[in-house]
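Per-chain residue numbering starts at 1, and chain names A, B, C and D are given in the order in which the chains are listed.
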């Protein structure tokens, strides 16, 4: 299975990257953008998707500072991104 | 609309981070993982989703070396991640 | 006494740490792949960019075989010092509380900063001159110390915050100006500034030497006891 | 890149002229195969063949008592005593940085590091020399500045090599052609120094390091040798991504292989990838090589033989190993998690043969690749008038001296570089005795102990002055480097250079190039400093014209005692201030002239090499003996700025009486110094003032608190990155 792990800074933790994006957008003429957060995307093929949560907890994220979500990449989508 | 921009290294471009993760996993007892790529996740509220592609090209991604995908975050999902 | 300095792929300041330790004792390099601490009396996890800082600083290094031994050593009360990337690795390994986040400036910053010793008399600060600030370089992109609020209060109450950036010297946005913290047992200590780069009058200050002297004195006392 | 429209001959699309292609047909006696044509087009590009500069470079003096390896090797090496050789070289990565500044600058650093460890030296320092358009006017220049600086820091910091110095200038002519030059220094015990010549038929060619992908394919010929036009997006090769982590392992691995005496020769892979490295190694060794592209580990499936041969994937090296040692080599590499793959053999055929398994994809005499590209004579014509327009006047001529000094200190070319160098680690490796802004040159000690010998290094090149007078301006750059070394007590022992110019086929640019090389040669001769290496970057042109002629000079020196290294800041209130050297500055070409809206033209002050050399010796001796407590050369912004900088660095004021007839802001770099020291120590030198107080007073001209000068200088660049 091709999976995506979406990693985000935990709510309440200062996210200077998100802030920087939010500050930069109006200067480029993009208004009406709020609550920007910047995190990490990990995409991978796994034989055994059941082990993904463990991989996330142990390596791919730091649970003290990050939340994550696992998303399966549909076959079609995979094609378009790869 | 709450949207997610998934940013990945372009196909064929060196992805040192993805390589590093792929090498690390077997040592932790996670076998059967391949094609790991590490990118960025940007989450944001936009009033005008039509302008998202332009934002991506101009600020959120580096089109020379990165591909991106825009995904709408369903209301329910937003709740669970935030 | 004998210091062991861990070398990961991507470590950069391990030779500097070895030179600094060699000023107060013997110092050997510990290879990341060996499960052998060579009978050292104290371990230094040095600065640099272990595994390229890829994925998340310190995240991959903490799984190196040698780190299992370091964790054992720490559980048995051995002295472990983590500098910069070493601090990040020890946090990831759960040997130290909290986590290090990107600097608020989002940039790598090199700066000679002044530090205040918040707890003197600990195994890592006992040789620091009382009441004097330390001038030591910092250099990192990911050094903003973070712990949840209750944890911060606990750390302060139990005297685990050993070093703080002096007012106006916080280079990274660390909460409560925290520059270095220890574990509950007081035998594991991590800091973002680089004391090993402040041990020679020719290359700057010598204020970092007192950290290594503290370790030496602590080990000497333990041997004597 | 190969599905070219029928109407354009393929060789032209690849950057070869019809005459060059005819030479190839002649030499081969047949049509080249596609793989051969790709290889030849790259080897015959300006970047690899130096076809417009090679003859000229022969004018540079390359010999000296300390030289261990001169031009022709990956880096030059000079002897610094104690059984150590110092390798160093400067190289450009201008075009890749214009395309993608972060990765371009990062891989520029990665490339110059490889040149240094290719000769067996451990890199101990990096310096960077940068040129961008006007930051106040151009958002693109600010972006390039910010990203290039971040890229340099990323690579140098991550690999554990300190970035100890550099220089940055902003001028309109760099708007479309930024310059990113990086210099690296490395140390090796003499016995570890190694050359790149392949030797020993039967020996094995082993490729070390990263997987080979489609990075920068066509880079050397298409990217570096043609002007970047408006509509050239399609010519862009895929951007090379730097991986400092991979290079760190490769570096440690190569040094361990050399320490274990496992290698016959070693060569980095740079422009034109395997093609260039293999041809150079074969040519230098007078041997032939077989390479099997089917054995090269690839990052992408389906790569053509030509793609494998010209790929510019980073973090790779090529070495020659005796067959019996191959297993040992692989074992060392495994320990460093670095790939090592036998990909070919040395033979005595004198030919470079590219195999694809059982097929032969190319078979070329090494000579046709390396030696047969025609070398062109330049056709220099001196321009009748200045080539560069005046910029806008941002300072009024009638502004008073105090306001002028503040404006100069805050101007982009003079302001503090702190926002830049704070992004670089200057101290890793525990050698750095003088960091940025502590002295005019970086100082790195060579051994432990309390009084070890040290080396010093400076990098310089003011394009605006070279535009005024290419010969004197280039000579001044050499003088200024030597002056910077003198300020820390160092004597010059070797020089490297990067010649950044426009299109050499244009007569005025050719003239700039010839004049500048003559100026460098003359200055080197006069100072007794050999040129041991360098790099040339041509075709830096936009539709609006060429860049300012920008020879960048990197110079290294030696000093006996690191503990006596000089500083630029005034040290002690009460000390006297003396002006050392013949100083007859002119306003033309100065920073103030630029700010007042004058074009870069007009005569530069005459260069008296003997007088300059004598002044350098005086300052060097005074610093070494401890007679002088500080020394600073008088460069951009003239005497007023120089004395302000001494005050700011020393956090102390001064009172100075300007010698009569001297314009406080006029310039004559490389020739004169401000030194300070106890009255008695300065006896016999022209004392012009005294250290003390909290303000700078130029008698009868201005008086400003040091805190104000400091503030102006600190703020100058802050808004730009």
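Definition applied: a residue touches a chain if its C-beta (ideal position, glycine included) is under 8 Å from a C-beta of that chain, and two chains touch if they have at least 3 such contacts.
This one's a predicted model, so the numbers in the text were calculated from it and none came from an experiment.
S.K.: Report which interface contains more C-beta contacts, comparing A-C against C-D.
M.R.: C-D
S.K.: Distance from the CA centroid of subunit B to that of subunit C, rounded to the nearest Å?
M.R.: Whole-Å distance between the two chain centres: 33.
S.K.: So the centre of each chain is just the mean of its C-alpha atoms; given that, what is the distance between subunit B and subunit D in Å?
M.R.: Roughly 37 Å separates the two chain centres.
S.K.: List, in ascending order, every residue of subunit C touching at least 2 other chains.
M.R.: 51-52, 54-55, 60, 63
S.K.: Give me the residues of subunit B that touch two or more other chains.
M.R.: Those would be 16, 20-21, 24, 28, 38.
S.K.: Going through subunit D residue by residue, note those that touch at least 2 other chains and give them in order.
M.R.: Within subunit D, residues 243, 245-246, 337 contact more than one other chain.
S.K.: Sort out which chains touch which and give me every pair.
M.R.: Contact pairs between chains: A-B, A-C, B-C, B-D, C-D.
S.K.: Would you pull the subunit C residues touching subunit B in the complex into a rising list?
M.R.: On the subunit C side, the touching residues are 51-52, 54-55, 60, 63.
S.K.: Would you tell me which residues of subunit A are touching subunit B in their complex?
M.R.: Those in contact with subunit B are residues 2, 4, 6-8, 11, 18, 21-22, 24-25, 28, 30-48, 51, 54-55, 58-60, 67, 69, 77, 80-82.
S.K.: Applying the document's contact rule, which stretches of subunit A touch subunit C when the two form their complex?
M.R.: Contacts found on subunit A: 13-14, 16-17, 20, 40, 42, 59-62, 64-65.
S.K.: In the complex formed with subunit C, which residues of subunit B make contact?
M.R.: So the residues of subunit B in touch with subunit C come to 16-17, 20-21, 24, 27-28, 38.
S.K.: For subunit C, which residues are in contact with subunit A within the complex?
M.R.: 55-56, 59-60, 63, 92, 98-99, 101-106, 144, 146-148, 173
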